[in-house]
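Presented below are the structures under discussion, each in the form of structure tokens.
Two complexes, one shared chain (subunit A), two partners (subunit B, subunit C).
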Partner chain A sequence: MAFTKVTGKVVSAEVRPGGEVLARRGAMLAYTGQVRFSPVGAGPGGGYGGGMAGALGRAMAGEAVAMMVAQGSGTVHYGYHGHHVTVVDLDGGSTLTVEADRLLAHDAHLSSSVVFLGQQGGLRGAVRGAVTGQGLFTTQLSGRGSVALLSHGGTFPLQVGGGHQIVVDPQAFVASVGDLRVDVAANVSWRDAVGRGSGEAVQLKVSGQGTVYVQASEEKL
Partner chain B sequence: MSIQSTTPQPLDPTTLPDHDNVPGNAYAYCVRLTQPLFMQTGRMIAYYPAPGGQGIRFEPLMATSLTGMVAERFSSPLYSRDWVVANGSAHVILGDRGFDINSYDLDQGNLTVRAANLLAFDASLELKESIIPGFLTLIGTGKFLASSSGPVIFVEPPIRVDPEALVGWADCPAPSLHFDAGWMGHFLGAARGALLGTRSGEERQYDFTGAGTVLLQSSERMMEDPQVLRRLEGEVDGLGTGQLQRLQQVIQSRLMQQQQ
Partner chain C sequence: MNWRLQGSKVLVVDLNGDAVRAASGSMVAYEGDIAFKSAGTGGGGGLRAALMQRVAGESLNLMECRGRGTLHLAVSAMDVVLVELAGEELRAESEQLLALSEGLRTEVVFAGLQGATSGQGLFTTKVTGHGPLALLSAGGPPIALRVTPQAPLVVDPQAFIASRGRLSQTFVTDVSWRNLAGEGSGEAFSLRFEGDGVVYVQPEERG
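Moving on to the complex of A and B:
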């Protein structure tokens, strides 16, 4: 079930039995109908898939954004701190990778997991997390359904593949869908250490096949 | 509801504009880079390197391979640390803290813009510091990008403007400071010390006269300008001991006020 855009910063979702919605705790703005909200253990890992390993992963990762589940039947409006919301629909064939603190809400039947960046690109992945301040873990969502993402300044999708490579600023990187490889292209010189650098020393080089969601601002949430 | 309505088509170099806002997003701007471009640091969001190209080099002005050109075009030591020259061929996407971004064409003209709002400008333009602190003047022919909090409003002088709502001005004489008459009367009548805390926030205005265009932003939300501090630090050098002690007192009383 998809989210409906109400404004650029608010989405609404239909909740029905068998169609629960998981959302960041505190993101509910309003609702109609008979809807109950209950906290979910430690993120999606607590109650919905992932189990113990997921919960443990989150706790270790600091990817511990508390989530809540909306059950019952009705319509719920979601928004968070006036940030822009982007809705991404997953067709079941590709995986969405996103930082937990950029996740506003998603269909509860999507399976989510916390991934150690080192698994994706070995040491490079771990270095990427450390250098860009994203941490060593990230959240992956897969299945068929919708995800609502938070961003500063709104997002736009950029295509990777078909001969196109792209370089993204780490602070502007929101999420990616598909089979992508993200490398750190560090160009750090002594000038950056003393604050006289280009300000664009650390960049993410994305290659493979898929879509990158980028926000129109370099501000983190 | 169809899925397409919520998911815009992904963009790639064939669908990105050569010099326009990114479709569907007023806060991001795409430039097709073919010649050197001056950019404020930290405004690059993403770029597609041109096929077969080497990508882009972001060169700090202090360490550029184009020293002669930079020295000629960028006439502002105060701001030189915050700017880079982007060189290469690519589609570059720029963004500025989620503010609206617009492109402006100058044709044998001059335009002054708030330094924090200026994102990028063609190397065909010349940059100089305005004598109004915190503003930069562009002279010549070419394009530049500037951001604003909300869309820009164009008005003609004579007009008085709140300093925070001012984005810039073109072709008209530099503004003078105007103080609200009621406030001035209060100022002249009261002891100076007693005046602290009586400011309404609207008594200080920029006064534009003559022919030209004034650019306003629709919000007074202040963009923090790191240059204000740097400029003040630079001016402290010229002060004597007594003046420094006086400044220290002023700063301490301001700090006390803010902590309350």
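Moving on to the complex of A and C:
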């Protein structure tokens, strides 16, 4: 069950028993049918949020964007603060990595987990999160289903693979899908120290195989 | 060097060992081997331009992007307009300049004292030469308005992006007793263009 684009900023989803949708709390714009919305507890028994570890991660990280689940049967329209929405379909074989505050909605049967960047890339990962302002934790989604992402001004996909890497401005980085490695590259020179830098001091180097979604803006949400 | 748009908000430039000057911080992504360094005042203007910018608080902050690869540029999800200059003169609001090709020279020019009160900068950036450049438009795609000697054009300074061609620019003040009585039209200052050329206007007014 996928999200249907209504406009560039609104998506609709069909909710049915067994096909619940998780969304950012407050992102529901309208719905028809018999649909109930309930907050998703991140605690034990919550079931959706990656269990105890996820809850702990979230609590520690400030990766705390409250989610709600839509259950029942009907159609729900989602949108958030007039931001553009990008729909990404996961085929079950790849993992999507996104900041929690850029996640609008996803199929509830996708498994989500909060990943500590320091776990992946060691100290370097932790530094990356701290330096880029991306936070030390990101959300990973995997399984077969659909994800709706938020961006300022819309996204464009860039393919990574075949040995070449792509460099992305940390503020413009929205999400990545596939088997990708993200490193922070600090290109800081003395010019930056005296305020005469190019404004591109910190960059994210993406290598591996997959797709990076980049927004046409340096603004965070 | 190949310039093209991806969607309406992203400028894509293929670099082949050559360089492009772009607004500082406007790179959103690139492929290949590209180095970024500050181009300061925009180059070409020399010490006098540097001084004028310091005095005026002019905010033309450019970086030079040089190397081989594909460069993606965008600012705050604003629409991008590609303009090809063939020797004529373009005057732009400097914060609306996204990128300039190597063949173009920039110079800071005094726009008149009225600039300070109208919300348009005290100084504008004059671009001359041959080659492509990219402008930014806030609030959606810009409109290009033709100016002929028979039909002068008046625009809101806060919506003004750039003018191109042989144009003379004057400020029009429309302060009457109505403004004092609080019943003004809200358009106290206007920019008037006379001559032969094109004026680009954005749908959103700068705050």
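Throughout what follows, the second predicted complex is superposed on the first by the 211 of 221 C-alpha atoms of A that agree within 3 Å, B and C clash if a C-alpha of one lies under 4 Å from a C-alpha of the other, contacts with A are read in each partner's own complex, and residues count from 1 in each chain.
As a working rule, a residue touches a chain if its C-beta (ideal position, glycine included) is under 8 Å from a C-beta of that chain, and two chains touch if they have at least 3 such contacts.
For clarity, every value in this text was computed on a predicted model and none was experimentally measured.
Taken together in the superposed arrangement on subunit A, subunit B and subunit C clash. In the superposed three-chain model, the partner touching more residues of subunit A is B, compared with the other of subunit B and subunit C.
By the touch criterion stated above, A:Thr32 is placed in contact with neither subunit B nor subunit C.
When both complexes are overlaid on chain A, the residue A:Gly153 reaches subunit B and subunit C alike.
In the overlay built on the shared chain, the residue A:Val88 is in contact with subunit B alone; subunit C does not reach it. When the shared chain is aligned, no partner comes close enough to touch A:Gln209: not subunit B, not subunit C.
In the superposed model, A:Thr7 makes contact with neither subunit B nor subunit C.
In the superposition on chain A, A:Gly163 makes contact with subunit B only, not with subunit C.
Look at A:Ser73: by the touch rule set out above, it reaches neither subunit B nor subunit C.
Comparing which residues of subunit A touch subunit B with which touch subunit C, the overlap comprises 84, 152-154, 156, 158, 164-169, 172, 191, 196-200, 212, 214-219. Against subunit A, the residues of subunit C that register as touching in their complex are 6-7, 9-10, 24-32, 34, 36-38, 40, 61, 63-64, 72, 74-78.
The touching residues of subunit B, when paired with subunit A in their complex, are 1, 3, 6-13, 22-25, 27-28, 41-49, 51, 55-56, 58-60, 62-63, 81-82, 84, 93, 95-99.
Subunit A contributes residues 84, 152-154, 156, 158, 164-169, 172, 187, 189, 191, 196-200, 212, 214-219 to its touches with subunit C in the complex.
Residues of subunit A touching subunit B in their complex: 2-5, 84, 87-89, 146, 152-159, 162-169, 172, 191, 195-200, 211-212, 214-219.
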